[in-house]
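Alright, structures below, take your time with them.
Shared between the two complexes below is chain A, which has chain B as its partner in the first and chain C in the second.
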Partner chain A sequence: MKQSLPARLVLYASVILTCAILVFPIYWLVITALSQPDQLRQLPPKFWPDEPRWGVFAKILAERPIFLWLGNSALAALGAVSISMVVSVLAGYSLSRFRVRGGESLGLFILTAKMLPATLLVIPLFGIFRMTGLIGSMWSIILAHATLIIPFTTWMLKGYFDTIPRELEQAAMVDGCSPLGALFRVILPVSAPGLAATALYGFVLSWSDYAYARTFLTNVQDNWTANLGITTMKGEYISNWSDISAASILVALPILAVYLFLERYLVGGLTAGSDK
Partner chain B sequence: MAGGRFSLDLARPSRQHWLGYVLLTPAVLLIAAIIVYPLFVSIDLSFQNVGIARLDQPRRPFTLANYERLFSSPDFWNACWVTLKLILVVTSACCVLGLATALLVNNRFRGRSVARLLVAMPWAVPEVIAVVIFAWIFDSSFGLMNWVFLSLGFIDRTINWFSDPDAAFAVVATTMIWKGYPFVSIMSLAGLQSIPEDYYSAARVDGANALQRLRFITLPSLMPVIGVTTVLVMLWIFRDFSIIYVLTGGGPLKATQTLSIMTYEQAFSFFRMGYASAVGVVTLVICVVAAKLTMRRAPDTL
Partner chain C sequence: MAAIVIDRVRKSYGALTVLKDFSLDIADGEFVVLVGPSGCGKSTMLKILAGLEAASAGTIRIGGRDVTDLAPGDRDIAMVFQNYALYPHLTVASNMGFGLKMRGTPADEIARRVGEAARILDVEHLLERRPRQLSGGQRQRVALGRAIVREPQAFLMDEPLSNLDAKLRVHMRAEIGALHQRLGVTTIYVTHDQIEAMTMANRIVIIKDGEIQQIADPETMFERPANQFVAGFIGSPGMNFLTARAEQGVAQLFGTSVPVPPGADGAITVGLRPEHIEAGDGPVTFVARPNLVESLGSEKYIYFAAPEDNRPPGFLTRSEEDRRGDRLIARLINSGPIRIGEPVTLSFDPARLHVFDPASGRAIR
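Now for the complex of A and B:
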């Protein structure tokens, strides 16, 4: 159906207005980073700085170990996602294809585990990591993030495997493949988009964590993740919003890039299993 | 999800069973070690008078004192009330905003894919960064919000957003709504795209106008998706830690102290881990019961 001209204008106007309002906080973060600190302390505020100070990013990178923080966040995410994916692929496939005693209750437990508040689990994990000497190490954060990720990835992958027709394995096994070979040579290759979506989602979960990082890593500055580093800046630098905004942009950038370029996969992962 | 799952009719069933167990083993062992065991430890801690959890020492005597203290503590009931208020305000706002934006970008227009990306963009901003943004926008001296409100004549004196209990609650709710609505938007958009175009053509033939098509086709078809999404948003608010903790720390005067914040504060600021575990266990029970009640029909999708 063709829309009339006024209807189109109203549509475009409301789209532009909505996007402008909703994205404004992100715009404001960028403008704050690019403004001179003393310009931020005057009213009315400037919605575009007189001389954008692009040098702020170089300055903050020199003053703060942002790359170290980002590297730690990436290491935590990589470790937690790898561990979670290995166990979840196998478990998800098993739950999707085999009749296993206790399989249903395991599935139910995993569903319930998604509801576990991190603020509850962080207490015993703190005790356990203290006893085993893992506190402050990257292993503590990798294992803690795995508790966040595994329930999601297992359930997402089971849902994904459910959508793959059984005839695929049956054909492979008729051709002489072992059941395990069918999984690795046939099912996993055709599941690549689902695996990518699931891993990306796990990556986002790990990257967003603050509670575990704050509890386990606060005393070990070399292992600070990006989110932890940013909050320490917020604590000490109440007045210098320009620097803190610049650091925030650098920290948000990787995940925003993932979102902008791989949105299809991420959204696919989010909505998987909900429309069934 | 229905029909014939867990079965593979080809090949020897005995061998299939065996492989099924083997494939599950790594997950079961890992989940047992890092989720089930800690969960038992925290339940155990909640029945002891423990300051800092030390697992290498003999356990303290069994006591119900933590739970007795909890239910008679005004702080606990305050935290319940704050959590409930936050859930009501944030969930309803997220649903309205998420659904409205999804309906908007579901229209056909040029630049639609860009608009879709922009509308859901806050989803990709880490919570801690969202807090930085809103802490600055609501800054008491040079924040944008005070300036906007002053210019519009809503207020005649700047508001000290983080020392007034109601104002601080509003800031927390605003931040959570901005961070939470894109999820509803993404889910609703996926739901909208799965509604067959035929429904709308048939309705048009029958002379239904745009409002009637929304009321009688779009909304009913979206209901299952919205139901699941609402529960997920509620659970997120229930358990969220970073937004509130970094923004206000639960203050001022505990006006933004939810059950999650209270659990963490008791454990890691006052080092009463036994008591904190009791708060956490109660939170978990409320979460599970609430989710089960609201999702009675489709527990699979949670």
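Now for the complex of A and C:
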């Protein structure tokens, strides 16, 4: 259906406005990083610095252990996502395919867990990790992030598995697969876009965490994640917002890279052609 | 190839029983069609045969071997699904060879058998494509190919033609028939389409509410239906049903005394197929005023009111409109021009009538 000109103008204007709202904070982060610290609060504001400080990134990398923090963040995210994917693939598939006594309640319980704020779990998790001697170790943050990610990823994957025709695994079973074999040989390869989107979501959840890292890792500087490290750049009386912004950009880059790497899997349509 | 014995199979979901003591002996190489309306249990029976659903009671033997508790992959059967269920991440060749690979067949043997099946089904040029690059008909052929490369003891087909357009369906119907002739593999085919059942089957099994209504070859099913449901289900357009009273071997129909079987006494339901009504005079002649005429070129469907005395309380298999009980259908060939509202002389041979007990629906002969 062809839209009228006013309708199209309204549509384009809405899209441009939405994009502007989404992009503006990133733009502001960039110009904050590139501006001289004393130019940040001037009025009227400058929308591009007179002399951009391109060297700020090299300065941050030299002054702060950014790579160590990024490595820790990546380790926490990869560990948490790996555990979460194993658990939630099996849980999501079970919730999608098998009707068991109490299965619905179990699904709702997982859904409820998803609704709880992460901060609610900080104290009990702290207690558990202190008892088990995990406080300060990377395992504490990996397991804590997994508790955060699993409810989300389980429901995301359940939703994805629901869209895959049951006949696919039935065909695989008639062809000689066990139920688990059908899952690994047919359902998971077909679910690649869903798995990629879910893993990316879990990765972002872990990467953006601050509360758990602050609670469990503060005393062990070598295990600081990027977000925790950046907050230490904030002074008690004076904060160099340009440096903090530059560090924030460096920390955001890996997420962008992961997204670009997974993008081809995120495109749906792999199941096209399996059925009518 | 193998004979299949289904012995008193029952399937219940809680209090709901969808298959009631289903028993059927299928001979080696036979083509049996399970047919019935939606929800009658025919697909459930096929899934139980495949091992995809567990029977609540009863046993299944394939080739003399009790397979009731075996996993689907251990039953040596192949299944063609309604939506084809091709593996979207695999090529056509890999789809067809998947079952053999699962059984540890050597790669060169898989290639040989896939090549042979592809040649039979004329999909050799598609072997490196993925399912999404195929048309509906090609997907259907690949699904059939995946079944035949396995060289199983039996084929199970669950409404495999229902997603194809009308023309392709007729074509594939003939191809499946030819494939069965060529391979001679025992085939159990599920459909709700009575034309597929009539054209393809050696024997038809009509199911309603989880119970077998009749098992017979297509001709017997058409000529000697066991009950009113079968009579109404087989044939297109469906059989006309009228009510009458039988006394001493005679009933009044269209104002004429017609002979009925000696077992008929009191209220009866009389069935008359639309194609058994003819234009012009005959053994029983009556005048009808058509309220609808559908011309199909070589034939016409004439809709007209049933006589007041013979109007049935309702039809079993007709559309809601027809269930109002005052419409009969005649299928006339070479009848000349017929117009709505104008009287037309029609007739039938009382030997063509079917008589049913209105309470049980059973045929009276």
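What we mean here is this: the second predicted complex is superposed on the first by the 220 of 276 C-alpha atoms of A that agree within 3 Å, B and C clash if a C-alpha of one lies under 4 Å from a C-alpha of the other, contacts with A are read in each partner's own complex, and residues count from 1 in each chain.
What we mean here is this: a residue touches a chain if its C-beta (ideal position, glycine included) is under 8 Å from a C-beta of that chain, and two chains touch if they have at least 3 such contacts.
Values in this document were obtained by computation on a predicted structure and should not be read as measured data.
Participant: State whether chain B or chain C is in contact with more residues of chain A in the superposed arrangement.
Facilitator: Looking at chain B versus chain C, the one contacting more residues of chain A is B.
Participant: Once chain A of both complexes is superposed, is A:Leu17 in touch with chain B (first), chain C (second), both, or neither?
Facilitator: A:Leu17 sits against neither chain B nor chain C.
Participant: Of the partners chain B and chain C, which touch A:Val186 in the superposed model: first, second, both, neither?
Facilitator: second
Participant: Applying the document's definition of touch, where does A:Ala58 land relative to chain B and chain C: first, second, both, or neither?
Facilitator: neither
Participant: Would you sort A:Met173 into first (chain B), second (chain C), both or neither based on which partner it touches?
Facilitator: Both: A:Met173 reaches chain B and chain C.
Participant: So, A:Leu9: does it touch chain B (first), chain C (second), both, or neither?
Facilitator: neither
Participant: Output the chain A positions appearing in both contact lists, the one against chain B and the one against chain C.
Facilitator: 170, 173-174, 270-271, 273-276
Participant: Please give the residue numbers of chain C that touch chain A in the complex, ascending.
Facilitator: Listed in rising order, the residues are 47, 50-52, 71-73, 77-79, 81-89, 98-99, 102-103, 130-134, 136, 139, 146, 150, 163.
Participant: So in the complex, the part of chain A that touches chain C is made up of which residues?
Facilitator: 165, 167-168, 170-178, 181, 186, 189-190, 192, 269-276
Participant: Mind pulling up the chain A residues that touch chain B in the complex?
Facilitator: Chain A reaches chain B through residues 8, 11-12, 14-15, 18-19, 22-23, 25-26, 28-29, 32, 40-45, 83, 86-88, 90-91, 93-100, 103, 106, 108-128, 130-131, 143-144, 146-147, 150-151, 154, 162, 166, 169-170, 173-174, 179-180, 204, 207-211, 215, 226-227, 230-231, 234, 241, 244-245, 248, 251-252, 255-256, 258-260, 263, 267, 270-271, 273-276.
Participant: Where on chain B does chain A make contact in their complex?
Facilitator: Answer in residue numbers: 1, 5-8, 10-11, 15-17, 19-21, 23-24, 26-28, 30-31, 34-39, 41-42, 45, 53-56, 101, 104-105, 107, 109, 111, 115, 117-137, 139, 141-142, 144, 147, 151, 178, 183, 186-187, 190-191, 194, 224-225, 228-229, 235, 238-239, 241-242, 245-246, 259-261, 263-264, 267-268, 273, 276-277, 280-281, 283-284, 287-288, 291, 299-302.
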